[in-house]
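Every chain is named by a letter (A, B, C and D) in the order it is written, and numbering of its residues begins at 1.
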Amino acid sequence: MTTYPRPVLEEVARTREVVARLHAELPRWGLVVWTAGNVSQRVVVDPRHGPGPEDLLVIKPSGVTYDELTAEAMVVCDLDGNLLEGDRSPSSDTAAHAYVYRNMPEVGGVVHTHSTYATAWAARGEPVPCVLTMMADEFGGDVPVGPFALIGDDSIGRGIVETLRGSRSPAVLMRNHGPFTIGRDAVAAVKAAVMVEEVARTVHIARQLGPTVPIDQNHIDSLYARYQNVYGQNLTEDRS
Amino acid sequence: MTTYPRPVLEEVARTREVVARLHAELPRWGLVVWTAGNVSQRVVVDPRHGPGPEDLLVIKPSGVTYDELTAEAMVVCDLDGNLLEGDRSPSSDTAAHAYVYRNMPEVGGVVHTHSTYATAWAARGEPVPCVLTMMADEFGGDVPVGPFALIGDDSIGRGIVETLRGSRSPAVLMRNHGPFTIGRDAVAAVKAAVMVEEVARTVHIARQLGPTVPIDQNHIDSLYARYQNVYGQNLTEDRS
Amino acid sequence: MTTYPRPVLEEVARTREVVARLHAELPRWGLVVWTAGNVSQRVVVDPRHGPGPEDLLVIKPSGVTYDELTAEAMVVCDLDGNLLEGDRSPSSDTAAHAYVYRNMPEVGGVVHTHSTYATAWAARGEPVPCVLTMMADEFGGDVPVGPFALIGDDSIGRGIVETLRGSRSPAVLMRNHGPFTIGRDAVAAVKAAVMVEEVARTVHIARQLGPTVPIDQNHIDSLYARYQNVYGQNLTEDRS
Amino acid sequence: MTTYPRPVLEEVARTREVVARLHAELPRWGLVVWTAGNVSQRVVVDPRHGPGPEDLLVIKPSGVTYDELTAEAMVVCDLDGNLLEGDRSPSSDTAAHAYVYRNMPEVGGVVHTHSTYATAWAARGEPVPCVLTMMADEFGGDVPVGPFALIGDDSIGRGIVETLRGSRSPAVLMRNHGPFTIGRDAVAAVKAAVMVEEVARTVHIARQLGPTVPIDQNHIDSLYARYQNVYGQNLTEDRS
């Protein structure tokens, strides 16, 4: 990484801190067990720093427990998923994160979990229907299902991008696998990971005892537009 | 707020402490994720202090995490929801809280969450039937459902007040949205928020495997009357 | 309490410590919310200390949160439920505890909760069937349901005693109300409260997707007999 | 144990630390209540140390709470389950652990819990179907059910070995009882105990609202082969 300009290296150091800290949110909200789950954030390489390398990503290493997740333990990869800096291998899901960054330039953060309720909808291959005002706010409609894809090449990344490109939803339920979420940075993607599990769980429980009441499409549109308008200046800002 | 008499300003300071501390109960009992949920308490402006301004309310600011909720972070609004004191915007649910305070003078505290089981009943638009003695004690009957209402005007507040005025229940399940609870102060409203999730969850689980046994109306009345009589002197006092 | 001999007063002091400490197990295992739930333990008054008063019980006061439960906060009652020592009123369930101690001399500890899954079976009025080896070990069969009973006289206590006298089960699900458990001391009753929720939850979940496999009655008898025989010397000792 | 060579005794001391520490993972991931559950690890006795005794195992004592589980509290047994070192009786499940070590020389760690969802499948006698990519990775197919077996002889151990020998799965659901898991060491067996509960729970929830989508057998084989190949060098290493 010696070819990268100093401002980029400083940004890498800051991003290591952010990504390490955000991993603590996954067990905190009950989204992961053991070493499962991963958070990444893009490091933008500004072309004004001269003709230089492409953007980078910071991600969790493979097989490290949530007790050990320090900034130093994080690893840095290029957007082809090659390890540039770090003592351990990057997460085995790095290829999927990297594909998203290469193909969705507006995305600055990606999160993957096997959170229980979201994964349960994924195992049935069924989208989560938008029957809660908080879903209209955050997802602007149903949470969609992506295709079944094997690990090992670009299949997972392609399935994420094909499902989320043009969708209001920042979350996709990859079939038989689990949720991937995106955001303008890692904190927004972590928030989407927390929210997708929350709505998957609430709608699941609602449906267990009978049909839910639909929300009119124009009300969904109105809630989503207001939420994006009021909070859209800062995508990481939350309301309550 | 310089026009307010000193006793009111002192009461505002005390209320900031109470409201900040009570917010910690929401994640503690699993009622909220991320920055969702909010607690408010009325500050009574005694007319004996001279012809002066109306009552105030202290509430959580918008988009602040539960780790940051100090007394200083709380914000103060008038009962039209206008920000009087505070560095951040008030919760986007402030209009609903303010409407309740304007129209139910006996209410001193309001809480809103998206707690999972209560919200699941709300998504079906179905009241929680009173089949537990603790429901008879605390709610005096079923937990009612309020109308669907969009955020942005007085619709949510009006739905809360129309449903709870004249009801024994301190909780309403706003359709497709979630529970709002009231009390003579914020601690009573928080207790009601904890209890509505507890009974929503227990009755949900009971109903999953078959019909529940109803409780006779006269038994419900008797349990409620006893509970209000014995504990009614101090609405914030709990029994066990 | 000045009429009680010194060894009894010392035993009261020790029992206050035990009962205070055991209350922490109720929120720890998720059996209670807010101030619900209570643990009591009998203090035996040995007649060899001279012609003196009857046995006592130590119990949680009414309406105290789980953060405040110190030995000093506990209250002492006689077996008619009258307060002998303490700054606050005894739990409103004291009459039920006292009735059990008066009528079941072998019982030294009583616990009451509204733990979710046990209360859900109680709301249907349905015993938990013995389909787990740990149920055969601990309960020796199904967990029985007791009658519906109003608070305010001996109805609840009588329902507990009539259901548990002659039963192998240390737990009864009072209809539309929740579980009461007994033991030779308070730790055994707390263990039974933890276990009844655990088996109520596991069997509930098992039954959600289809019928469970019954265990032969002679296998239940054999498991129960072995467990009582091996661990029977010390009823508070646990196996794993 | 004075007949054992010094390197074995040093390995026993290290194993006591490991087994004590790993017990903390069981309540951490919600797999146990009260004193239930146990972890053991084999201590290999190298025949090069001279003609000496057979392998040993370190396990939790019976009836000790999770707050008291220090290295000193662990007990050492031979592979017939006889206590060699320790102040308390070994876990009542020691015979089952010992049988597995005697009959599966490749196994270095065994875990037993009554974790809720895995035990629920066991109560129905139903294998957990492989409908999640993480199941294909970790279990290579369905999680199988073992026979009903009474405690007191080799029945449980025999049921475990007969079910797992030749299976890809490191977990068996003993009918009406609960899961046993194996691994090359105790940490791998603990990981399998965490994962079997996770997949039992996720598939349960998926199935509650309708049928799950099957994964093609060749995809299961491919996922399993890749996972074993990439992570197979070190069976205790995890991916994320």
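FYI, contacts are C-beta pairs under 8 Å (C-beta built on N, C-alpha and C of every residue); 3 or more make two chains touch, one makes a residue touch a chain.
Source: prediction; values computed, not measured.
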Problem - Count of contact steps on the shortest path from subunit B to subunit D - result: 2
Problem - Between subunit A and its twin subunit B, rotation from the CA superposition, multiple of 5 degrees - result: 90
Practice task
Pick same or different for copies subunit B and subunit C, depending on whether their interface residues overlap by over half.
Solution key: different
Problem - Separation of subunit C from subunit D, taking each centre as the mean of its C-alpha atoms, in whole Å - result: 33
Handout entry: Centre distance in Å when subunit A and subunit C are each reduced to the mean of their C-alpha atoms
Key = 47
Handout entry: Residues within subunit D bordering two or more other chains
Key = 208
Handout entry: Contacting residues of subunit D [partner subunit C, same complex]
Key = 33-38, 60, 62-65, 91-93, 114, 116-117, 119-121, 123-126, 148, 150-152, 175-178, 204, 207-208
Problem - subunit C partner contacts - residues on subunit B that touch it in the complex - result: 29, 131-134, 191, 194-195, 198, 201-203, 205-206, 208-213, 215, 219, 222-223, 226, 230-231, 237-240
